[in-house]
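Both of the next two complexes hold subunit A, though its partner changes from subunit B to subunit C.
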Partner chain A sequence: MTRLAVPKTYKLYIGGKFPRSESGRTYEVLSKKGAFLANAALASRKDARDAVVAARSALGGWSGATGYNRGQVLYRIAELLEGRRDQFVDELMSSEGLSKAAATKQVDTSIDAWVWYAGWADKYVQVAGNGNAVSGPYFNLSTPEPTGVVAAIAPQEGNSLLGLVAVVAPAVLTGNTVVVVASEAAPLAAISLSEVLATSDVPGGVINILTGSPQEIAPWLAGHADVNALDLAGAEAIDWVDLQVMAADTLKRVLPPVTGAPAPSLERIVALTETKTVWHTKSLI
Partner chain B sequence: MTEVSTSSARFLDYAPAPESTSILHLKKSYGLFIDGAFVKGHGTPFQTISPATENTIAEIANANAKDVDTAVVAARRAYDKTWSKLSGADRGKYLFRIARLVQERARELAVAETLDNGKPIKESRDVDVPLVAAWFFYYAGWADKLDYAGLGPRPHALGVAAQVIPWNFPLLMLAWKIAPALAAGNTVVIKPAETTPLSALIFAEILQQAELPGGVVNIITGAGDTGQALVNHPDVNKVAFTGSTGVGRAIAKSVAGTGKRVTLELGGKAANIVFDDAPIDQAIEGIVNGIFFNQGHVCCAGSRLLVQESIHEDVVDRLKSRLSTLRLGDPLDKNTDIGAINSREQLDRIRELSDIGEKEGVERWTAPCVIPDKGFWFAPTIFDKVSPSSTIAREEIFGPVLSVLTFRTPAEAIAKANNTPYGLSAGIWSDKGSKILAVADQLRAGVIWANTFNRFDPASPFGGYKESGYGREGGRHGLAAYLESAGWNAPVSGANK
Partner chain C sequence: MDLIGTDLTEKSLKLHLEGLPGVDAVGLEQRAASLGTRSIKTTSKAWALDTIIRLIDLTTLEGADTPGKVRSLVAKAITPDPLDPSTPRVAAVCVYGDMVPAAVDALGDSWSNGKDDGINIAAVATAFPSGRASLRVKLADTADAVTNGADEIDMVIDRGAFLAGHYGLVFDQIVAVKDACRRADGTYAHLKVILETGELNTYDNVRKASWLAILAGGDFIKTSTGKVAPAATLPVTLLMLEVVRDWYRLTGGASGGQRIGVKPAGGIRSSKDAIKYLVTVAETVGEEWLTPHLFRFGASSLLNDVLLQRQKLSTGRYSGPDYVTMD
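The block that comes next holds the complex of A and B.
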């Protein structure tokens, strides 16, 4: 007798918890071939705003943690993801219609991206900052710091796991907290990733994952005064220029849309940081 | 009021010591500097006046949209045909030449700046112009070392940079914009502020003396519409703006979706935090310098004094007696501490906000000084016991007006300091290094001065957090704002394989 499967309920990931959408809405997630896979939460404006509140509350603790600590937390994500490779491979095969080899490659690349970025957490400051030889008796040092709360649209076409990791990891390693809108068509890997995050050592609120329509949710994030930066990586297909215009109201830092999953780069890390320069007098002895 | 000034007159008054204007050889009217030559503008010309006397200095051409286009075309041609073909070493040599010429004509530039802007000659002579030369000298050396700028090998220039600068440090802001742009290999169209075009036009003569190839730097004068036409020109690759947050916001909107690179240096409402263990004499000087330097026309001015409650009265008393010794008057006089407000419009804004402060019930104190009959003046003013929600604690006044707030604990100081949409600069005064570093970590501001204030250096990045804008000027970071990496920073193995 075949065993009757126990399907998972896919929900949002906000503040370290798994709420349904406050709107009560869901949408059907279908496989590439059109078969029903699951009902995902259709996040609303209120969910987006709740996620921003969670991200803001988590910012002080996360940005105040040492780089060494953040690096270990990110590495721990890679460890847990490694242990659940098969689950993610299956999920990508069904939701993206990938071959086993292609799905495996995406999962492995995602794990390696966490590892690569984890190692930057206690190093990017040295590479992106510097001491400044000013003309006078002053100690003068420039160091990068996290920009704050980052709202991101994860890549929407394929790469439903890797794309999400590629926008989230470079943001959080420096101490930013993130609200990310997952791939609308293939959100299941994102929600499964949030289960990994919840059981690793990532503090609640550091990474918040919304599923639903970027078209509907993104404007609320772009216009939100408590969001400091907007990563439009996966916004190519929606009216992202309007989002950039909305973001200008509070002079958010804006990263442009990219095709595919953004490659790991120091540039993405630094783009979501602010350089602080501290001067201190030296006494004349 | 009169009593105080007469009593201080006994021992503090100096004989007038005005810097002579004979060093200037001004023209009656100035054209636009396009493609290496002065040409006529097609808009209606305007007068630039001295804010200290309201006398006309010269007639200035006004660039309309057609002139803006001519300038951008010239900059593009110069980029394609000349500047991008030069070696970094040769670009550097031009910048070194410019630095030397600025030094040679330093006094003339200082006098012109003071005449047109209203700032005291001691500031234009000892701060603005020396920093202008330093800025060109610093970036000159970068031009042939771009591989070491932190962007990987062979970073490339962006193309044509559109630059719009404010009236508070006319020539210095020009240097902040032009020097890194040229070192990185870009060509420039720059628009000085409407009320302070003079030093930029003398600078154009310096470019001719340096034999900088035509079109590499184009200087077009005009008002907001000229700036708008420049920023929105489709053939511009980079926009750099220093000015108000309102205009910065409009620029950010207008360039959305164009792919133009943007840096914005906008407003500020800096907290200057004085702890009870501060070196008090230095702190008083630092507070005065922080808000009354350049009549408070400084985006990073320490306009909110946060003073620890236990020393509040002492600090305010000392400030009042120190401010009573400041000399307000002829900006060309070498003894002048406080010059003229740059324009009637700005004076009106300072008055309006100060009146609001009074209406909101804040205690106002004005330094006793004689206001000249002509020109635009505002005496140093302190508002004491200001609440964080008060208009004068929130809005950038951009004038010699200090708001005093108090705090009890470092945590309260940090919370109040960060309670603003701005995040450009901050000051910390304490003799305890560990406290300074801990507080500096928590302040959301791009430049933090500890036991000093308003220090600038070409090697030191400057720029804001939050609504004070984005991007940095100065140092390696300021160079990166004019460069594109050649895709250096992806890992060669591992995650990206």
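The block that comes next holds the complex of A and C.
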């Protein structure tokens, strides 16, 4: 008797759970050559709204954790990614049409980027913060604080894993929570990443992953008054100027589109923080 | 009322209340669940949201309440959404008895003070929330709130006595409190009777308590204090609405039947939940019950969610908690 294959049901990742799209819609994910790979959930605006609610409720706990703790939690994700590398390599080969070597390279780079960012969690404040010289008997200290809920469009052309990691990791390490729209054409790696996140120590709601059309979802996230920042990394192909204008209505911090996957950098970390400056008297004794 | 005869004794009450049919719990919950599945969109939703705001008793019942907190509550009751002046006002503010003078001051011209328009002041009384005090204390508590200007009194029943089967005692206390709601000019403050359904354990008891409160002269029956879990649930509210409907029919129906109000309180936090209650009211007793005289929501955080939904409908974009006041 031939064995029937057991296909996987791909779902969204919102608030630490795996719901189907509220709309009930799915779309076909095809390989680079056009063969059927999977049905993925096609997220609607209400899924985006639910994800923002989840991200907002997770913000207090996550941003309140110590940088050291966040670093440990993020490093643990890298450990889990390492254990699943074969699965990610397979998915990148089938959905992006990469050679085994190229897929392995992308997975390695993604894990390395994740580790690199995890290391910054308890260090970026020292580097990006500052003691300011002021003309008075005061300590004057500037420290970066997380911006809040970040909505992000992951890179859409290739780099379906690395691009996602390069957008999510720099945002969450400082204590932000994220709603990210994965690569529409190649969402498999993103969905597997969400399974990694669900079994890691990251609290539910800190990272929310939607699959579907950025064209459809991005305007709702850009206009959402409860989103504090918008990372348009993968929005090159859509009308991102309009998104910037919408985001400006509610005073969001906006990062412009990039080509390819954003390279790991301290700038990306600091871009999604706000500077808080405190004054404290110096003792005269 | 010939229903229980003119002889309002413990015995006749007991005969009547224990002769009430038992509640079909499964049927009740299924009916409530099916009423909760209606999809209310666009213009119907806009109407529903405005109706919800008009029906809210904006509530603060904390031990830490101060006159300042009551003032900010009242400011919100008068202007729920400063970004949109077309937002309707809430029906009433609900505070502890000692905060009634602060509410009167803060409301100023917006206080209804017996008129039909304006915002009422509801005060909880009778040793809220436990109800554990002697009748003298309860009556003094009530009379004090009424003298200070409360338009509505939210009293709690003595659940201990009710559960022990002393229906006559509970009945007499409600009658006495109703009497204490009398103002100097002979009019009465509206009396809402809190059944605290979370402590009554069974649906049968909720039905009995509802009948008892109505027979004793309550103008409103209210589910809960908000201090006990579970607070208001849809099945319990549906059950109370059914009692109200039966009473209306029994007292004459369309030709002069007596309309009793219902107030679910506590635990209703989202517009979605509140809309389910509106549907349940309309389907059980009829849309004419959707006025502040006959239906209220006891809530505090519900208003913020309704305002967010309202902003979403008017701007087309999702709003956030930064755009409503903190409570």
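Please note the rule applied: the second predicted complex is superposed on the first by the 277 of 285 C-alpha atoms of A that agree within 3 Å, B and C clash if a C-alpha of one lies under 4 Å from a C-alpha of the other, contacts with A are read in each partner's own complex, and residues count from 1 in each chain.
Simple rule for what comes next: contacts are C-beta pairs under 8 Å (C-beta built on N, C-alpha and C of every residue); 3 or more make two chains touch, one makes a residue touch a chain.
As the structure is a computational prediction, the values presented were derived from the model and not from experiment.
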{"item": "First (subunit B), second (subunit C), both or neither touched by A:Trp220", "value": "second"}
{"item": "Partner chain(s) touched by A:Arg49 [first = subunit B, second = subunit C, both, neither]", "value": "second"}
{"item": "Which of subunit B and subunit C A:Tyr138 touches, first, second, both or neither", "value": "first"}
{"item": "Partner, of subunit C and subunit B, that touches more residues belonging to subunit A", "value": "B"}
{"item": "Touched partner set for A:Ser265, first subunit B, second subunit C, both or neither", "value": "first"}
{"item": "A:Ala237 touches, of subunit B and subunit C: first, second, both or neither?", "value": "neither"}
{"item": "On subunit A, positions contacted by subunit B and by subunit C", "value": "249-250"}
{"item": "Of subunit A, residues touching subunit B in the complex", "value": "109, 112-113, 115-117, 127-128, 130, 132-136, 138, 140, 142, 147, 228, 240-241, 244-245, 247-251, 253-254, 256, 263-267, 274-281"}
{"item": "Of subunit B, residues touching subunit A in the complex", "value": "134, 150, 245, 248-249, 252-253, 256-257, 259, 264, 266, 421, 433, 436-437, 440, 445-452, 455, 457, 459-463, 465-467, 469-470, 472, 475-477, 485, 489-491, 494-497"}
{"item": "Interfacial residue positions of subunit C with respect to subunit A in the complex", "value": "311, 316-323"}
{"item": "In the complex with subunit C, residue positions of subunit A that touch it", "value": "49, 52, 56, 220, 223-227, 246, 249-250"}
